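The block underneath contains the structure these notes are about, expressed in structure tokens.
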Amino acid sequence: MTTATLAQEVTYIDAISQALDEEMSRDERVFLMGEDIGAYGGAFKVTEGFLKKFGEWRVLDTPLSESGFVGAAIGAAMMGLRPVVEMQFADFISCAFDQITEVAAKNHYRWGAAVPLVIRAPFGGGVHGGPFHSECPEGWFFHSPGLKIVAPSTPYDAKGLLKAAIRDPNPVLYFEHKFLYRRIKATLPQEDFIVPIGKADIKRSGGDISVITYGAMVHLALEAAELLSKEGIDLEVVDLRTLIPLDKETIYASVRKTSKVILLHEDNKTGGIGAEISALLAEDCFDCLDGPILRIAPPDTPVPFSTPLEEFFLPKVSDIVAGAKKLAVY
Amino acid sequence: MTTATLAQEVTYIDAISQALDEEMSRDERVFLMGEDIGAYGGAFKVTEGFLKKFGEWRVLDTPLSESGFVGAAIGAAMMGLRPVVEMQFADFISCAFDQITEVAAKNHYRWGAAVPLVIRAPFGGGVHGGPFHSECPEGWFFHSPGLKIVAPSTPYDAKGLLKAAIRDPNPVLYFEHKFLYRRIKATLPQEDFIVPIGKADIKRSGGDISVITYGAMVHLALEAAELLSKEGIDLEVVDLRTLIPLDKETIYASVRKTSKVILLHEDNKTGGIGAEISALLAEDCFDCLDGPILRIAPPDTPVPFSTPLEEFFLPKVSDIVAGAKKLAVY
Amino acid sequence: MDQAVVAKDIKRSDLLEMYYYLRLTRSLEDRITALYRQGRIVGGVYTSHGMEAIAVGYASALNPDDVIAPFHRDMGAFLVRGFTPGEVIAQYLGKQGGPTKGKDGNVHMGDLKRGMIGFVSHLADNMPVAAGAALAFKIRKESRVAFAGTGDGGTSRGDFHEAMNLASVRKLPVVFFCTNNQYAYSTPLRYQMAITDVVERAKAYGMPGEIVDGNDVADVYLACRRAIAKARAGEGPTFLEFKTMRMHGHSEHDAAKYVPRELLNAWQCKDPIICAEQLLSRLGYGDESYFHEVLERTKKEVDIGMEFAEQSPLPEGRETLVGVFATDDEVSP
Amino acid sequence: MDQAVVAKDIKRSDLLEMYYYLRLTRSLEDRITALYRQGRIVGGVYTSHGMEAIAVGYASALNPDDVIAPFHRDMGAFLVRGFTPGEVIAQYLGKQGGPTKGKDGNVHMGDLKRGMIGFVSHLADNMPVAAGAALAFKIRKESRVAFAGTGDGGTSRGDFHEAMNLASVRKLPVVFFCTNNQYAYSTPLRYQMAITDVVERAKAYGMPGEIVDGNDVADVYLACRRAIAKARAGEGPTFLEFKTMRMHGHSEHDAAKYVPRELLNAWQCKDPIICAEQLLSRLGYGDESYFHEVLERTKKEVDIGMEFAEQSPLPEGRETLVGVFATDDEVSP
């Protein structure tokens, strides 16, 4: 099973399982904690078969206590293990908020203790989950120095970033988009690879407008780019991949090239990462901007349940197309 | 004691006590919960004498359990009371994060239950409190639709905003800056007044650069403005007072007048409210901007304890002066 | 439950009404499960199948102005409180006719006018909230009680602890319960806690506790009535452990292979509806034909509800933007 | 503590060492209090005055490679683990010579090399963390134990509950304690919990618990040794309630008028240093002149520490920017 990396197409969720499997096989310090991840294989089946393969002390079913088991993971990490914690849904990370922001994030700064911890959080909407099973909680954590935050959009990035997160000596929040789990596939390299934390990726190169985004929205941006290319508008799609620390270099280079920017995310508009990037650009790239910096993001509401509401809530390809057209004539 | 509003100078902290006292006298639905607020009068003595005046069922000492008593306040609010909860230090609000963001913020949207709740949170640095007694946690909450957030800078605003918060039918986070508690004074009107939530205030009118800020930083901005006026640079100081919902009208009007902006806050730079305002300006006022939008804020670290570190960390008058000079020649 | 005790302590009409609600719960949830299987309900469906006696029993023991913060398998409480099958199905289908008008799904509904606090996914979050409702009653010297609970899994959360402690210190008029159905999703009790009776948890708070047969609606009802009366009399909170078994998967997508078949079989014959029917028969309150009639009646009501829900429109997209903040007139009196 | 038991179960040298650490704690904290009164220490100063036996006792009962997540009044544990008075005073003064180099203040210091987990203000937060350290020992099959606690107030927090539960379910090699000093800041025990013995809390987790005389270093030491041995033997966690009294204010700025004088007077004669001296006298291990000598020695050590701290430079402002993230070489082996 360590050779799960056959040259065949794997889904985004498979890529996550592979990364866990390979890292656990490679490094016996790596272990997993979470609700129902053992015999059941996790709510989304990411760890199916792991209990059998790695035993119950490396695939630990926990009591229903996010603060408790995140705290425990912090302790184990400080002792030199490499815990990977699963939130059953990203939404429940609010229950562990204090441990993440006050303990994990600050320990190294305060007294020098490294906390090599990964928290996997299946996030995002489009799955009819309603207010408590669709959240994008990443916005809460930009603001806590000491945390790294990643959010892959492809199987390759999902696998590479998870491996990098596990090998990182710091607490890393790993936001995996559950809408993408079984919807996208890719052939992955057979050999071990990582995607370095802190590096954005140009998912489509273009000259007219930079769409800066991450997670499931990357695919919307690519769709919009295809449509717009027929109308002679050439989008560059910048996939952040890492939200903290931001890859300013890649972002700025793209914006210097295009001079026009759309910030696209699924997280609520106010206080999303779009705000931060906009502010960075207004500070550091002001002179090269040729138009307003657009943000395309959901309104400031919880994620509603009913289909027409959720559709209204989520950014759409047409929003990007409309935004790009507006910018193009600027 | 209901007539504590004599026409004499009161401190910022007195203004807070007065607001509580008057609201409790005016409306018997108002009651207080928190650690050590009863016999002891609160860690900062805001509620000194209240136990005697209002009795132990309106001035409730709670067990040490922020999540529990915030949750309880939510329940009492839904039943029609008007709880005002005290965090002993704003830093401990992380322990109640889940109740605030998942329960208080979302109840009305989800199923129509109003939660008229106020959480008072003494925040901010400059008091040698170190990483756990100096935090500015407001940035965590911009991002949770359903919450209102206020942060007064003067005794007048402190009193008026607290009264408005208590009368508001929604959960309001009230960030009171503990550095200001006994450092500033003002004479307050004798009659009942509120400061409406959602209205910024021009604390100094000026034509050259808008400094948009709140809390203790307002006073730094005013100091900087005095210095700069001697050099012919005329700052306008916009005191947000309310962070959510933002008073876009006042902000935009100021920026349209000055065309140059400094966003100043004590909260960490990344993901602070400055980012959001910068993004709004880049979206909505792009054409009237005559220079980059500067943010002056602490670096992305916890608040360090030792004096030289904390001094380095906190924004200084000289930072504002330097920023303004840079912008002035733009 | 001893039939003599029941005859003495429970009014015949009350018991018959509880039987009706057991049936209505079952009929309604069976329909919801069917809808789920047809792909008409998106999102999770967590039923109370085999556990209906708990919510029906406690809701029946409360006064109408008492407040309930239900657990996620307490459909019966909604029904007792007057939520119609139509409203409930509309809720599951995301229709405007549901209590949340499509804003939230499944059992995440509430209505303060009917004394139902909306469930929050984050388990046990509503326990401090219920303590706070009870605090409001105490502050206002009202003779009202709050009733709230969570699952065996939910008792592991910090909010459970903080709520139990707070309520006990202040002797608040609240009754807390745990529906101990042996599993939390796939996690068996032994991985959840190192005790076999959840009621042990109450000792940490100096709170009286009681184990109740969660499959016996009469036992549930009487135990709740006692605890509620105590709370109402100012004697403080009680903790009730309802022993039962989750007979379906965690949600309807879950085949629950991790539950031993024998365990399910053993509990099958303790089905709360069968138990209730046996009790009613023994008491001479009802017979097969009566039971059949009630079954048909509840099915009919569910059919009518289904029609209502079908006809109820979906919300318009822009309704998304409505309701983030409350207005002054929406605050409870 | 019965002197025959002590004579049999505690080595003379160990007991004398504990006495030394009691004295050192007192001398050091007295100095810190004096510095606070002089306005030289900014921020809070929370002392263990009158409670020194707890940290000294438990830290002495542990092996050097065991890990401690101290409570905020456990200065003695730092000293037993080799933190020097100089380091500690430097910490309080925000000097580079303190373990956190000025990043944090007072008792918020830690050092994994010496097995001390840094205290987090948010009470009880380090209890799950300690459970996790114990989990690491269990996973790696190491013969190590974690030791962690909080105050009576801290036991009301959810993290206390979640840690106790998790540790008990997995039988982790951890010992939890509560320093029950009757007050949490100004809040007396009766507003904190509806039980009089905090040890009752352990029942909720099926965890054995014990009440210990927190003012008797021998009692603390022996009780800890038993619990630690059990944990090391794979028999799971224990909860120890150390009964004691907070003799100073919550922090040195607090006159603690809310504490009845009689209560303080009653506890005054149970001062742990006096108790230890009585025990040593009875055992013939020490006399007045010896006690005096130790007192002078510890004062001298504190003087030397003071000098070290005075000479230690303040950090440079730009050190602020250093250390948010760890580098690969900083991870524990």
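We just call them A, B, C and D in the order they show up, numbering each chain from 1.
The criterion applied here is as follows: contacts are C-beta pairs under 8 Å (C-beta built on N, C-alpha and C of every residue); 3 or more make two chains touch, one makes a residue touch a chain.
Note that this is a predicted model, so its numbers are computed, not measured.
Engineer: If you tally contacting C-beta pairs, which comes out ahead, B-C or B-D? Let me know.
Structural biologist: Between the chain pairs B-D and B-C, B-C carries more contacts.
Engineer: Using C-alpha centres only, name the chain that sits farthest from subunit B.
Structural biologist: Checked the centroid distances; the maximum from subunit B is C.
Engineer: So how far apart, in whole Å, are subunit A and subunit C when each is placed at the average of its C-alpha atoms?
Structural biologist: Centres of subunit A and subunit C (C-alpha means) sit 37 Å apart.
Engineer: So, what's the distance in Å between the C-alpha centres of subunit C and subunit B?
Structural biologist: Those two chain centres are 41 Å apart.
Engineer: In angstrom, rounded to a whole number, how far apart do the mean CA points of subunit A and subunit B lie?
Structural biologist: Roughly 31 Å separates the two chain centres.
Engineer: At least two partner chains per residue is the criterion; list those residues in subunit D.
Structural biologist: Counting only residues that touch two or more other chains, subunit D contributes 100, 103-104, 108, 120-122, 156-159, 161-162, 165, 169, 191-193, 323-324.
Engineer: What positions in subunit B touch 2 or more of the other chains?
Structural biologist: Those would be 62-63, 65, 67-68, 91, 94-95, 98, 102, 106, 109-110, 131-132, 145-146, 300-302.
Engineer: Residues of subunit B touching subunit D in their complex?
Structural biologist: Within the complex, subunit B touches subunit D at residues 35-36, 38-40, 43, 61-68, 88, 91-92, 94-95, 127-133, 299-302, 304-309, 311-313.
Engineer: Can you list the subunit B residues touching subunit A in their complex?
Structural biologist: 91, 94-95, 97-98, 101-102, 105-106, 109-110, 131-132, 139-140, 142-146, 244, 263, 267-268, 270-276, 278-279, 281-284, 286-287, 289, 291-295, 300-302
Engineer: Taking the touch rule as given, give the residues of subunit D at its contact with subunit B in the complex, in rising order.
Structural biologist: Counting only subunit D, the residues touching subunit B are 42-44, 94-95, 100, 102-106, 108, 120-123, 153-154, 156-158, 184-187, 191-193, 258, 314-321, 323-324.
Engineer: Across the complex, what residues on subunit C touch subunit B?
Structural biologist: Contact set of subunit C toward subunit B: 67, 69, 99-100, 103-104, 108-112, 117-118, 120-122, 125-140, 146, 158-159, 161-163, 165-166, 169-170, 323-328, 330-333.
Engineer: Flag every residue of subunit D that touches subunit C in the complex, lowest number first.
Structural biologist: 156-162, 165, 168-169, 171, 190-195, 200-207, 236
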